[in-house]
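Listed after this line are the structures, all set down as C-alpha cells.
One chain, chain A, links the two complexes that follow: it is found with chain B in the first and with chain C in the second.
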Partner chain A sequence: MSKGDTKLLKKERLEGFIESLLNDHVVFGPVKKNDLRLLDRIESVNDISLDRGNTMNSAKNALFPQTERLFAYCHGEKVVEIDAPSAEGRGLVLFGVRPCDARGLLLLDKVFGGSLKDPYYCDKREKTVVIGVACDKPDPKCFCLAMGGGPCSAEGSDLLLLDLGDQYLVKAGSPKGKTLLKNKAFQKIDKEALARADLVEKEAEKSMNQAVLAQAAIGEGLEKHLETLFDDPIWDDITESCLGCGICTYLCPTCHCFDILDETGQSTGERIRIWDSCQFPLFTHQASGVNPRPSSKERFRQRIMHKLCYLPQNGNLSGCVGCGRCVTECPVNLDIREVIQKISAREAK
Partner chain B sequence: MSQLTHEIREAARGLLRDGKAQVVIGFEPGSLPLRSRPCFIRKEKDIERLVWSGFCETNVARYLPKRKGKVAIVAKGCDSRALVELIKENQITRDQLVIIGVPCEGMIDRRRIEAEMGHELIVEAEEKEGSLVVRTADSEKILDRKEYLFEHCKACTHPTPVVYDVLLGQPPGPQEAIDAFSDVDAFSALDREERWAYLVQETSKCIRCYACRNACPMCYCPECFVDATQPQWVGKSTGLSDTIIFHLVRAFHLAGRCVACGACEQACPMGVDIRKLNRKLQKDVIDLFHHEAGCSLDEVAPLATFRLDDPEPFMVEP
Partner chain C sequence: MENPYVPFLMRIENVILETEDRKIKTFVLAFVSEEDRKRFAYVPGQFAEVSVFGKGEAPFGMASTPTIPDHLEFSVSTIGVVTGALHNLKKGDIVGVRGPLGNGYPLDAFKEKNLLLIGGGFGFSTLRSLTNYILHDQNRQAFKNLTIIYGARKPGLLLYKADLAAWGKRHDLNLHLTVDQEADGWKGHVGLVPNITRAVAPSPKNTFAVVCGPPVMMKFTLPVLKDLGFNDEDILFSLEMRMKCGIGKCGRCNVGSKYVCSDGPVFSQSELSKLTGEAHF
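Now for the complex of A and B:
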C-alpha cells in the first residue's frame, strides 16, 4: 500500500468532514429510527449512529430502492407526455457502510452495470461515494470471512474508516477514494498508527465467531456439487419449515430481482420498478397458470443455487457476502450457514 | 433437560411407535442463542431433537392447512386456538390431529434480550424458575423472564391449550386478571386524525416481505389478494396507499378469526405494530357478538353466519 492510499482522521474532525459532504451531496448513513438501525438519508451529522453491528436494511436500498419511478405519463387526445425523472444533480455519499455491504455493491455493479447498463442504477452509482466503516468488533452472527470478504476489508469502499481509538485510519479503496484523501481533514499516516491498525485488523478477524466461520466455509467446487444436488430430496428436509416470506431476499445486500409495472390511471400513469423475490409464488407464475416453482422447496433452492452456484459459475461472484441478516431475521431460523454445511456434506447421487 | 422437553419427547415417541402419527411437529434448538425453531420429526431416532423453551414462539398450526395424513402437533395455548379455527374452516380434520398440549408461560422476545445485552456476544441463555440467565463470553446477567415476554404473551388470555389430546406439564395455577385491551381502548379514544397518523406511521415501516401473512396460521388463502393479477386489487409498491391497503384488508380478513398469537409481529423485521388493527377488530367481535376466536369447536364464527338478532350498531335509520 503506498502512503497516498492511507491517511489519518482525528475523531473530532469526522463531524466536519461529514458536514462538508452534506453541503453538496445527498448523504445516507446509519440512523436510529423506530427502534431499528437503518441506513437512511441524513440531514445532519447528529443523525448518525455508529454502533456495533449493521443496519437492518442494506446499502443496496440507496442505489436500488424498493420502489422506483422510471417515468410518468399523461395522455391527451393526440399527444402523450412523458415525464422521466431527471438525474439527481448532487452526488450520493453512503457513509458508515459495513465492508460486507460495500462488497455487495460490487455484485450489484456487475448486474446493473455489465454489458447492458441499467441507467437508473448507473446514473446514481457513478456519482456515489462509499465511505465504509470497518467492523473492529464484528457481530457474532457475521461470517464475511467465510465468504471471501473481511471485517476490515476496503473492497467496495472508496474510503474505509478503521477505528483506532482517538482517530480513524482511512484507507482508499478506489481512485475516487484517493482523490478524496486529498481533503485537508486528513493527516499523514505515521508508523505507529499503521502498526496499531494492523493489530486492530488482526484482532477483529480473530474475534469473529470461529464456529460460525467453519460452518459457512465454502469448499472448493461447491457450485459443481450443487448442480448435482438439484433433484436431491435434501431440499425437502431443508425447506420444510420455510414460511415463504421475503425477509431473506429483501434484507439481503446482493439480492437484486425486480419487477416492472405500469400503475395506470384514466389519462395518467407511471411505470415503476419494485423489488421482487424468488420466494414469492408470483415470481415464476406463468400466464398459462403453470408455476414451475410451486412450493417453498423450489423457491428456496433457487435462492441457494443463484447465490452459490449460478453466480459463481457465470460471473465468478459469490452471491453471499456473509452479512448475517437472513440468519438473524428469518422468523424460523432457516440458517444459510447450516444449509451450506448440509449441502456440502451431502454426497451426490 | 427441562421436564417439558422430556415429556414432549416421550409423547412423541409413543405416537410414532404406535403409528398414531406420521409426523410430529414441534421445536428443536435453533442455530443461535435465544432461538428455537419448528421441526418435523418422522423417525424415532430424531426424537431427541425435540425441545421446549421460552423461544418456541412460532405458531406451528401454520403448517397444517391442507396437510394429509395423521399429524401430531406440540401446541401452546395460541397454537391450539388456531387449530380450533382451522378445524372449523375445514383446513384439517380433528381426527387427523393428535394435539400435544403444552401450558405456556409466555414466549421471550429475543430482540428485547439483545437490546438489554447491548450487542455483546450472547453465548447461551438458560431458563431457571422464572428467570433467564444470559451468558456472554465474560459475564452473566439474570433477567426476570416476565419482563421480556412478547407484548401479546403478556396479554394472553389462554396460555393453556383449549383443545388437546394430552396435556403435558403441571396444571397451571389461577391466572392473573389482565386487561388485554387497554391499549386498544386508548387507541380508540384518539381522534380520527391521530388514529390515521398512527396507522400511517406504522405501515410506512413495512417492506412488504409478507412475513406477517406467511407466519399467520389463519392466512392460508391459496392466492392472497395482494398476489392476484386478474384483477389486480392492490398496487405492489411500498407507497403508503398500497401498504396500508394490504394491512387494512388483511386485518378485515382476520376479523373474528385472529387468535391473537402475535405470529405476525414476531415475524416482522421492521417492527410494525400490526396487531393494533387486528386487536381492535378482535375486541369489536367480542363486544358485538360475544365471540372469542379459537375457543370453542362448536361455536360458529359470527362473521360466517347470520342471525336475526345480530347487533347492527352501524346501521343508520333512514
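Now for the complex of A and C:
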C-alpha cells in the first residue's frame, strides 16, 4: 500500500468531518432506534452509534430501498401521462458500513449495472461515498473471512476507518477515496501507526470464531460441486425446517429480487418496485398455475444455488459475504454455515 | 440515463377474439408517437411488457411481424389481474409497452436452412410472428423449406384462423394442424403434437426445429426430435418463466446461471443441457 492511500484521523476530528459531509450530502449511518441498530439517514453527527457488531439492515437499503417509486402517472379515459422521476441532486454518504456489507455493494453494482443499467440504483450509486468502519472486534456470528472478505478489508469502501485507540487509520479503497483523503481533516501516516494497525488487523482476524470459519469455509470449486448436487436428496434434509418466511432474503446484503406493481387511485397511480423473495411460493407461480418451485425445498435450494453457484458462474462475487444476519435471525435456526458444511461434505452421486 | 422501466404509450386499434372459449384475444396496437415506432426494432421471438395503467404489467411475445412496422400485436389469455384488465379494454384505449425484450429467434442462423416450427396452444404466437416474417416477399427466398406443426385441444382453440387459411393456400410451406380429438368437420390431423411431429417431420439435415408451447408439449417433443436425428444445437425452445423486469435484474426468471428474460427466452437444447437442473425438461 502506498503512503498516499493511507492517512490518520484524530478521533476528535471525526465529528467535524461528518458534519462537513452533512452540509452537502444525504448521510446514512448506524443509529439506535428502539432496541435495534439500523443504518438510517442521520440529521446530526450525534445520531451515530458506533458500537461493536453490525446494523440489523444492510447498506443495500440505502441504494435499493424496500419500496421505491419508479414513476407516477395520470390515467384518464383516453389519455395517459407519465411522470418519471429525475435523479436526486445531492450525493449520498454511507457512513459506518461494515466490510461485509461494503463488499455486498460490489455484487449489487454488477447486478444493477452492466450493459443495461438500472437507473434508480446507478444514479444513486454514482454519487455515493462508502465510508466503512473496520471490525476490530468481530461479532461471534460473523464469517466474512470464510467467504473471501475480511474484518478490516477496504474492498467496496471508498474509505475504511480502523480504530487505533485515540485515532483512526484511514485507508482509501477506491480512487474516489483517494481524492477524499486530500481533506484537511486527515493527517500523514507514521510508521508507528502502521505497525499498530497491522497488529489490530491481525488480532481482529485471530479473534474471529475459528470453529465458525472452518465450518463455512468455501472449498475450492464449491460452485462445480453444487451443480452435481442439484437433484440430491440432501436438500430434503436441509430444508425440512424452513418456514419460507423470507427473513434471510430481506436482511441479506446481496439479495436483490424485486417485484413491480401499481398502486392507484381513480385517475392517478404510481408504479413501484418492492423487495420480493425467492422463498415465497408466488415468486415463480405462473398465471397458468404452473410453479417450477412448488415447495420450500426448491425455493431454499434456489437461494443457495443462486448465491454460491449461479452468481460465481456469471463472473460475479459469491452471493454470501458472511455477515451472519440470516444465521441469527432465522426463526428455526437454519444456518447457512451448516448448509455449506453439509454440501461440502456430500459426495456427488 | 435511459429508463428501461418506463413504458411508452400505444393505442388499441382493434381487438380480435381468437378462440371459442373467449379466453384469448389479440390486441392490435398502434404507436402513439412516431419516435417510439422508429425505436421499436424487433425480431420474432422477442417479447414486451404490456401495462394496463392502474393494474400493472405482464410479459407477452410479439405475435406480429416486424415486416409490418406500424402495429404490434399481442395475444392475451385472460388468466390473472393484468390479463383480465386487458380483456376489458376496447378500441381507442391506451396501454403502455416496454420493449422489445429478450433475444428472439436467431434469424441469421436460420438463413439457407429448412425450418420446422412446432407450436402448441397459446405458445404459437411468436411462431406466428416468425412464420409471417419468413413468408414476407422480401424474406422468403432467404430460407429453405418451411414446415409448421400446430396443435390445439379443439379446432375452436386454434389461433389466427385467417392466417392459417392463407398459409393453407400457399405452396411454399407444409402446414400440419392437429387437434387432440376427432371433431365435426375437422380435416386436419388428430393426435398430440409430439406424435404428429414423429409422423410428418422433415429430414433433420440442414434443418432447425423451433419449439414453443406448454412445458409438457416441449418435454415430449424433445425426445421425438432427438430420435429423428436432430442435433441439440438445432433444436430451439422458447421458454416460459414468470418474469417481471424483463432486463435481468429482478431475479424472478432465473434458471441455472441464465435469466430467461435477458439471456432468452430462446435457448438451444445444447445450451439448456449445460444448465443446472431446472432448465431440463
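Criterion: the second predicted complex is superposed on the first by the 344 of 349 C-alpha atoms of A that agree within 3 Å, B and C clash if a C-alpha of one lies under 4 Å from a C-alpha of the other, contacts with A are read in each partner's own complex, and residues count from 1 in each chain.
By definition in this document, a contact is a pair of C-beta atoms (placed from the backbone, for glycine too) under 8 Å apart; a residue touches a chain by one contact, two chains touch by 3 or more.
Quantities reported herein were computed from a predicted structural model and do not represent experimental measurements.
> With both structures lined up on chain A, is it a clash or a fit for chain B and chain C?
Because the two structures are overlaid on the shared chain, the partners are seen to fit without clashing.
> Is A:251 touching the first partner chain B, the second partner chain C, both, or neither of them?
first
> Tell me which partner A:261 touches in the superposition: chain B (first), chain C (second), both or neither.
both
> To make sure I follow: the centres are taken over C-alpha atoms, the vertex is chain A, the ends are chain B and chain C. What is that angle to the nearest 10 degrees?
Value: 90 degrees, nearest 10.
> With both complexes overlaid on chain A, does A:281 touch chain B (first), chain C (second), both or neither?
So A:281 only meets chain B here.
> For A:243, decide between first (touching chain B), second (touching chain C), both and neither.
Touch status of A:243: first partner only.
> Regarding the shared-chain residue A:333, is it in contact with chain B (first), chain C (second), both, or neither?
In the superposition, A:333 touches chain B alone.
> Of the two partner chains, chain B (first) and chain C (second), which one does A:119 touch, if any: first, second, both, or neither?
second
> Considering only touches as defined above, state whether A:73 meets chain B (first), chain C (second), both or neither.
Once the two structures are laid over each other on A, A:73 reaches chain C alone.
> Chain B to chain C: minimum CA distance in the overlay, Å?
6
> Which parts of chain A are in contact with chain B and also with chain C?
In the superposed arrangement, which is not itself an observed complex, chain A uses residues 259, 261, 285 for both chain B and chain C.
> What residues on chain A touch chain B, complex-wise?
Against chain B, the touching part of chain A is residues 34-36, 51-53, 56-57, 66-67, 139-141, 209, 240-241, 243-247, 250-251, 259, 261, 263, 272, 274, 277, 280-282, 285, 327-329, 331-335, 337-338.
> Spell out the residues on chain B that touch chain A in their complex, using ranges where they run on.
Its residues touching chain A are 30-32, 35-40, 58, 62-63, 119, 121-122, 205, 207-211, 213-215, 223, 227, 229, 235-239, 266-267, 269-271.
> Going by the contact rule set out above, which residues of chain C touch chain A in the complex?
Touch residues, chain C against chain A: 1-7, 9, 51, 53-58, 79-80, 83, 92-94, 96, 214-215, 240-242, 244-245, 247-252, 254, 256-257, 262, 276-278.
> Can you check the complex and tell me which residues of chain A touch chain C?
Of all residues in chain A, those touching chain C are 70-71, 73, 75, 78-80, 82, 84, 111-112, 114, 116-120, 122-123, 227, 230-231, 256-262, 264, 269, 271, 273, 276, 278, 283-288, 290, 292-293, 302, 305-306, 309-310, 313-314.
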